[in-house]
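For clarity, chains are labelled A, B, C and D in written order, and residue numbers in each chain start from 1.
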């Protein structure tokens, strides 16, 4: 067993035995070799379920929403992006800091499980990192109570917007055709929304057809309305964990829209990384008198 | 431009804040400043009330162009509404273009209550441009049931004929 | 049986496309699904024959959004008109694996129930020729055999043509009149031969469903649900990619004075699925929803129709974002 | 089914000349929910209104659309009209087919009519979602709080008090009076500052409606317009105010000397002190930082000598909470720290002083008894150099803005020097001379002509010390050559800046401030003394640099606004306000931050979940504060906040209606 998994199990045992926490949320091995999946354990005996490998991409922080009413503390393991997601939820008043025990794990980057699913386990080494991980700037947890292992050097110092820029370089009609094809694939399963730590409304406007914003008709236009609106709701709040894209059964490049907003926010209002400092207001939650002026 | 577009009369939606742009449009009227009859003004208390989702909806329903108009920065009746408008629509404009809509079809403009001529100018210009690029076919969510009624009518006619 | 060389696949599809609208599994924009052969050609998409598509062929008979009728309130008088059929030609879908054939059989139970036959569904079924492919190359997520699917012979209440994969050739055997006509259309491309049913590779996943419905009927309040619900994030992926999930919702699409009554897929995993008008939700949490889905698949449907509402296609094993695993569930339930 | 009545106005020929009003009315008849539709020559006229009322009654209409002029013109007219017919006045919408249709499209009847029909359809679609709205009311506490006891605060308080309302002045220092009490003479009249201020101070202290709370600070503000609950920290004076007679025995006997803040460190005060002789209240406080009783536990002389037994070392800070209907911020300003300009040597050369220090040096009750003497050697200066814009109009080292008063006080100080020291010479280095006030330009002219002050246009690059002289190096930009002036004293016209804790106080009370820490008025032209927090007003230099006349004028204006507010028994609130669907609200709080009026707060509600009662936070809109801008509705991702009368559904219905083919 790898030493990190060993230490995860030890800490889980320790926390559960001492009663400091009532549950520990981590990852266990899934059905196939390329799947590692969230698990919650409530007793020290179950600690050996916990694993750490290159497919632990599921972001655990959002599971805390299910345990808001929990009496005691819940421990969760956080990679860089889980920690940013945790901050996202804190800044959105959805969880209380003192009710969570965060065990940080510096993350070497997770492999692209969709690519992995296409090959045999023997070819594991050839599987590339997930796209968001390739340009990850915050592999080390930005908030934790305890850290396992030592910090890693971020793979990138600047965000990678090359894919956004490639699309920007197209003509409007080409871009339109690109997104039409993508959004025609959408089956509106809302996995992207449900996996996203920034999507933490009690009732999503897309769940309530009476809200009047959207019908349940699944067509490219409505799918696009959903996609743009979700990206807009997440604008300035996206912690770049890439869960949306990873869970999409239709392989829609959802992060492309989120990254477009991040890029524009950086260009227009100054560099901002969501989920790092919860006391800084979000870009769409405040304004500056000298913001760029294009509307005269 | 092609002859098709010469006969094309676009529909343009203008979200106008009650205190500045709506007053500016009223002033244009009082001053009898003429502009193309293609715009429809939708009055909102403040440009900060204009949810970007309204803009998307208008495009879905087949509008040819949308303008979001409010007070100049610093003049907002509610102090800060238009500063939020500015942030929201700087981003929204870019996102709409990223999705492939024609940049000409969406604009945000500041028009004050004293800028009747500016209102006239903005509307005239926007209408001209949109007229030139033709009807908007993008993002539309049309209801296509005309066929159902056409078929029904045909059958009825056939029945009557018999 | 008519045996046709696999090299002639394009000829075969083109031949069928003369008189049918051909639907094939293909990969377009990084998604595998059943799509019209015309679109495949137009998009230069890759036809996918050796694996299950991400999206099942369910939509051919139960589209995700389907108009039921149109209405018109012009001049304050309401008129209702049927929508014209969008199937101009007969369709042929090739190839459909036995798990998905079984999925259609499940849908038939619901929509062609003798107590109520769904006209729109029936029309689509009648206008579609299903060419079932016996797949001898299962993936590691396949477990149809365990779910009672005959790997050698497709469910003949659904399949119109049985296709065998002979390695370098396909063998076609008509199972119905519709099927016979289709086979006629491609006869010229191959030759008549007697063919033995090929050997099939065993599936890695095996589960035992013997007595499962009965066992589950006593497990409504079991603690298994407490642990099993944890992972679920309440999305609709499982239901929407599933070849058998058939729940739909009815709603309106209105433009001024005219509109369409629509039925659209729904998922019992959505939190608003059971929401009552007064705000009460009988299945308020993940636990109740996960329980309902599994019990529907493995108990309730069986009680009503004597067949499982899971065909072992393995889609949810691969695509559930958080890997809520029905096989693992069955094994755990059996072990209780 | 709604029953909408549509009334299309011809406005004589104003509308009818290019809109086919009958056609509009006829077309709308077939539109969903329209039960009645007609056109008439003058809808706003008496018979026009009667037509509407009659139709409401006879047709049983439950909502009304009038297609006529701008709602900015006649919305209230028609609201009253439908109300008279028994409908709620908010079950009404207007389609503007005059200003925004017939008047701007006079030559194309077909298109103008088409547009009018669209506008009417939009209005009908919106009116169908209108709901009856009621104005609500909140009570008004008839008491005002003035924060700051300078001339701005004093004047505001006196004006409010004279109008019959009780006012509390909270002043941070032991005495009211503020900066004006430190100033010697006022421009342009050169009357003695103390002579005009002291009577005001006395009036404030003796006014039956004014309570002075000195040596106190605002600690917390809750509530809203009409009902602010303000917690005030009364700092421990160590002197029992009820016993003290202000006889002065204590401070004459106190052994500890401390540099006087009032004299800007140019003389000493005692550890028990009043800031200046005319202080009000004229009762001392103990400076606990320096008093030996508190620092070393010895002495206690003041207690021993006090004939009234008023000294009480055990007094502690006291928190009192009082309810006010309105708050006036009159917290004044500070002076820019001129030592930022190292080249001027302020703080290094004793004879380089600030303008306010100059005021004390020339003041008869100041450290030199009004004889202008150099701090370094006590000699009378003959050559005095003034440098203007020290910290003002300098983006790099100081502030971008103009401090407005410096041109005039420098001119005043120049004349004072020339007046007191007949053989003196004064030089003024300046960038511009700005004299926009009554009598200001004339005063400046006298300074240069009669008093022969030498104005040199240019910046001073550095000041060096040569023996007991200061050498001022500058440039005369008009002549385009460097100049050197030998000076005995240099006076820096330092900028007016905001108080260091101005931002903190603004956040505490809840209104906004600009990048320089000055308080932001609600509207720069039309609401200069209001903040956008209802019930909070501004007076004086806390809003921006200003001189005494402007400050007093603004104080009077603020007082009028307060009086107008307090004279109401209850406040009518805007019915088109935001409302939270608390069941749906996740309590993320994004709306709280975005609301310009602090109308939204998070409150804890109880909810039943799975048989258990739980508490959670949700947004709540205080309808007394909300002004209906709707910014919150857009920031709310789940659409849990809705703006009444402009709901999402209403706007969507309008969009949909207009897009119909």
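Note that in this section contacts are C-beta pairs under 8 Å (C-beta built on N, C-alpha and C of every residue); 3 or more make two chains touch, one makes a residue touch a chain.
A quick note: this is a predicted structure, and the numbers were derived from the prediction, not measured.
Undergrad: So which chain is farthest from subunit A, going by the mean of the CA atoms in each chain?
TA: Relative to subunit A, the chain whose C-alpha centre sits farthest away is D.
Undergrad: Does C-D or B-D have more contacting C-beta pairs?
TA: Most contacts of the two pairs: B-D.
Undergrad: Could you tell me the distance, in whole angstrom, between the mean C-alpha positions of subunit C and subunit D?
TA: Here the centre of subunit D sits 68 Å away from the centre of subunit C.
Undergrad: What whole-number Å value describes the gap between the mean CA coordinates of subunit B and subunit D?
TA: Distance between chain centres: 38 Å.
Undergrad: Can you check how far apart subunit A and subunit C are, centre to centre, with Cα atoms defining each centre and the answer in Å?
TA: Roughly 31 Å separates the two chain centres.
Undergrad: Centroid from C-alpha atoms only, then distance subunit A to subunit B, rounded to Å. What do you get?
TA: One centre to the other, that is 36 Å.
Undergrad: Would you pick out the residues of subunit C that each touch at least 2 other chains?
TA: In subunit C, 253, 255 touch at least two other chains.
Undergrad: Two-or-more-chain contact residues of subunit A, please, as numbers and ranges.
TA: Counting only residues that touch two or more other chains, subunit A contributes 203, 213, 217, 219, 284, 289.
Undergrad: Among the residues of subunit D, pick out those that touch two or more other chains and give their numbers.
TA: 594, 635, 648, 652, 656
Undergrad: With chains as vertices joined when they touch, what's the shape: line, ring, star, complete or other?
TA: complete
Undergrad: Mind listing the subunit C positions that touch subunit D in their complex?
TA: Of all residues in subunit C, those touching subunit D are 73-76, 255-257, 279, 284-285.
Undergrad: Applying the document's contact rule, which stretches of subunit A touch subunit D when the two form their complex?
TA: 69, 92-94, 200-205, 211-213, 233, 281-282, 284-286, 289
Undergrad: Could you list, by residue number, the parts of subunit A that touch subunit B in their complex?
TA: Touch residues, subunit A against subunit B: 164, 167-168, 172-180, 213, 217, 219, 221-222, 224-225, 228-229, 231-232, 235, 257, 260-261, 264-265, 268-269, 283-284, 287-289, 291-296.
Undergrad: Under the stated contact criterion, what part of subunit D meets subunit B in this complex?
TA: Residues of subunit D touching subunit B: 70-72, 96, 98-101, 103-108, 111-112, 114-115, 118-119, 122, 512, 520, 522, 524, 532, 576, 594, 596-597, 627-631, 633-635, 643, 646, 648, 651-652, 654-656, 658-659, 661.
Undergrad: Across the complex, what residues on subunit D touch subunit C?
TA: Residue list for subunit D touching subunit C: 30, 32, 583, 610, 656-657, 660.
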